[in-house]
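Below you will find the structure I want to go over with you.
Labels run A, B and C following the written order; every chain starts at residue 1.
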Amino acid sequence: MHHVVVERWSRRSSPLHARDARAKLGALLAFLVAISTTPPQAARAFVAYSALLAVAIVSARLPFQGLLGRAALVLPLSATFAAVTWWSGDPARAIALAVKSFISGLAALLLVATTPLTQLLNALESLGVPRPLILVVQFLYRYLFVISEQAQHMRLAARCRQGLGLDRRSRFYAAAGALGVLFARSWERADGIYRAMLARGFSGRFSPLAPARFGARDFAFLCAAVAASTAIRLAL
Amino acid sequence: MSPVIQVRGLRYRYPDGTQALDGVDFHLDAGECVALFGANGSGKTTFVLHLNGLLDGEGSVEVCGMPVTKDTFVKVRAKVGIVFQDSDEQLFMPTVLEDVAFGPVNLGLSPQKAAERACAALEKVGAAGAIHKAPYHLSSGEKRRVALAGVLVMNPDVLVLDEPTTSLDPPGQRDLVKLLRGLPQAKLLVTHDVEFARALATRAVFFERGRVAGEGTVNEIVQRFSWSRALDE
Amino acid sequence: MHIPDGFLSPAVWATLDLVSVPAVGLLARKAQRDLEDRKIPLLGVMGAFVFAAQMINFPVGPGTTGHLVGGTLLAVTLGPAAAAVVMTAILAIQAFVFQDGGIVVLGANVFNMAIASVLAGYLPYRLWAGSGWRSAAIFAGGVLSVLTSACLALAQLLISGVPMPRRLMLVSLGLFLVSGLIEGAVTLAAVRAIERLNPVWIRSPKDSGSRVLGAVAIAAVTLVAGGVLIASAAPDGIWSLVGKLGLTAQTAPWLHAPLADYQVNGLESAWLRKATAGLFGLVLVYVACFLTGKFIARQRSI
C-alpha cells in the first residue's frame, strides 16, 4: 500500500526531517494561506511558490517523482472543476484552481513525508488540539491496517461466494452481515485493548514519552518559511 | 515458602448468566512453571483475568500475600504480568518503544527512566532492533517478543501467558521456549499446545466447566483427560 | 466529498475553521464526559472500522456498488458527540496521511462531514427511536447525513466562486440523492445486522421528542442545506424574492451600505454579495421553520 511508502520516507533523515514538527506545521500553514489568498492572475507568484517547494523537496532528499506522483492523486478532482471553470469562461481561474490544489497537496504531502505521525500528533497537541481527539487519531491509525486486513479477508470470502448465483438482494444482506461481523470484532478488539491497557497499570492518563525540543534552527526555519511565503504573496 | 498466587473458592458469573468459574482453588509457587489446560470455554481466560483484578468474582485471590482488591490494583498489576493472546491488542501504542514504556510510565517513572527500562527489556527479549518500528510492521514472532518485553519491563513476579504459541511458526515457538526458560519469574501458561507445555511446565492443571478437574505432571494430565491430537486410542 | 486546498476562498475556509475548531473542542469534551476513559481506544478502533468498512461493497444496481459512509451508524452506536469526534479523526487522517482533502480547508470538511452530517444523521433517530418509525428514522438519518454534507460542500464551492452550470448542478444533486438513499439503506441493513449480534451495541436515546417538532427540525435541516445551496447558486433569485415580499425598503439600506465600501475589489464584493444573500436565505428559512413550529405547537395545545 502507498501510505507505507510515505511512512518509510518519514523515517529517513535530512535537514527537513530534523526540524521540529511544530516548525514544519507552522511553515506549511503560512505557505498554504499565502497560496490560498493569491489572486488567480498572479502567475509569477505560483512559479515562485513552486520553486520554494522544490527547494524544500531537495533539502528533504526525497524522490521527486514519487512525491509528484503521489500528490497527483488530487488532480482528477481538481481537473474536473478546472474544466468546468474553463468552460464557464474563466481560464485564468481554472488554471489557478488546478495549480493551487496541486501545490497545496504537494506541500502537505512533504510535511507527512518528513515527519513521523507520532511527532505530528505531539506537535498538534502542543498547539492546542484537544488530547482526546489526538488519542483517537493515534488509535485509529494504529488499528487502521489491522482492521482493514480483516475487511480484506471478508471481501475475499465474499468474492469466493459470488459464483453461487445469489441475487442482488441476498448479496446486499450478506454484505450487511459482513459489516455487522466486522463491527462486532472491532468492538471486541477495543475491549481487549482496554483490558491490556489496564493490565499494564493504565490509570486514566496517557503521558507522552519525549517532549520534542524547539531549537534555534527550528525557529530560524519557521521564520524563513513564513518570510518567503509572505514575500511571494505580497511582492509578486 | 508462601505461594506467589493463592486462589480459594473463586466463582464468577458473567452478566449474561453464564457461570464461568465455579469454585476454583489454585496456587503458584515462586519460580514455578504451571500449564493450564482445558477445553475452549472451560473458564481459563476468565480465570486469568482475575489474577490482576480485571474481573472481580466471589472468593479470594492473593498475589504475593496481598488480597486483590481495588486498593491493591496498581501493586498487583505490577506483580502479575499478563501477555494476551492477540498481540495486536496488546501493542496499542504507535511505536515499539512507546509501547514497552507504557507500563513504567503508568508506574510513575519519568519518561527518560521509562525509556531506559524499555530499552533494557527489549534487549532481554532480543527485540532491540525493532525499537523505533511501528507494531504493525512487526512479524508475529517479533510482536510476541515485544509484548513480553512490555510485561517484563514492570519487573513482575509472575508471568501469565495466554496461548503464547498461536500464530508462531515452529522456529518461533522454539525461540520462545528458550527465552522463557531463561526468565526467573513464576509462569502460568494457558495453552492448548502440549509440546510447548511439556518443554516448560513442571506441573499442569486441568479446567473443566469452571473448576479444577485434575492436577499432576503434564504427561499425567494428558493421559488422564486424553488431551492430545492423536487419533489412535 | 473531500474539498482539497485551493478550492475555497479564504473567507469561506477561515470562517469554517473558526466555527469547527471550538465546535470540535466542545464535542470532544462532551464525548469524554459521556463515555468514560475506556472509550478512547473504542473511538479510535471504530474510526478504523469505518475506514475498513469502505472495502465491503454493497450491490445496489446493475454493475454498481456502494459502501458505508458511516456518520449515522457511528451516531447510533456511540452517540452523536463521540461520532463527530471519530469522524473528525477520520478526516484528519485522510487529509494528513492519504492527501484526501486539504489542510487549511480541514475546518470546512469537518464542518460538513463530521459535525453537520453526523448531527443531521442522528436527528431522526433521536426523535423516533422509541416509536414504530424506528427503521424509517435510521434510513432517513443515512439519507440526510449524506445530503447535508454534499449540499454544504457544494454551497461552499459556489460561495467561493467556483462556477457551476445549472445542468451540472442538477446532475450532482441527483447523484447526491442517490448516494444518500444508498447510505440510508446500507446504514439500516448494518444496524439490523449489528443488533442481531448484540443489541447492546445500538444505543437508544434517553427520551424521544415529539413527532411534530421532529418533523419541523428535519424540515429545518433539509431547508437549511438546500437553502444555502439555492441562495449561493442564485443570489439574484433571493434578491427578487426579497423584492416581491416587499422587504427591500427596510433591508436594502443596511445591506447595500457595506457593499458600496467594497467596490474597490470586484471579486471581494461579488463574494460578499453572495454571502449576504446566502445568509439572508438562511435567516428566511429559520424564520419560516420557527413560525411553522410555533403554529403547530399552538394548534396542538388548543
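One rule holds in what follows: contacts are C-beta pairs under 8 Å (C-beta built on N, C-alpha and C of every residue); 3 or more make two chains touch, one makes a residue touch a chain.
These figures come from a predicted structure and were not determined experimentally.
If you draw each protein chain as a dot and join the dots that touch, you get a simple line with two loose ends.
Inter-chain contacts peak for the pair A-C.
Nearest to the overall CA centre, using the mean of each chain's CA atoms, is chain A.
Computed centre separation for the pair chain B/chain C is 48 angstrom, with centres defined by C-alpha atoms. Separating the centre of chain A from that of chain B, both taken as means of CA atoms, is a distance of 38 Å. Mean C-alpha positions place chain A and chain C at a centre distance of 23 Å. The set of chain B residues touching two or more other chains comprises 92.
Shared interface positions of chain A, i.e. residues touching 2 or more other chains, are given as 117, 138-139, 141-143, 146, 189, 193, 197. Multi-chain contact residues, meaning those touching two or more other chains, occur in chain C at positions 41. The touching residues of chain A, counted against chain B in their complex, run 7, 11, 117-118, 138-139, 141-143, 145-146, 189, 192-193, 195-203, 207-211. Residue ranges of chain C in contact with chain A, taken from their complex: 4-10, 13, 24-25, 28-29, 31-32, 37-38, 40-49, 51-53, 55-60, 68, 77, 85-86, 88-90, 92-93, 95-100, 102-104, 157, 161-165, 168, 185-186, 189-190, 192-194, 196-198, 201, 267.
Residues 49, 52, 54, 74, 77-78, 81-82, 84, 86, 88-90, 92-95, 97-98, 101-103, 105-107, 111-112, 114-115, 132, 134-136, 150-151, 154 of chain B touch chain A in their complex.
By the touch criterion stated above, chain A contacts chain C in their complex at residues 3, 6, 28-29, 32-33, 35-37, 39, 70-71, 73-74, 77-78, 81, 84-85, 87-88, 90, 93, 96-97, 99-105, 108-109, 111-112, 117, 120, 130, 132-133, 135-144, 146-148, 150-152, 154-155, 158, 168, 171-173, 175-184, 186-187, 189-191, 193-194, 197, 204.
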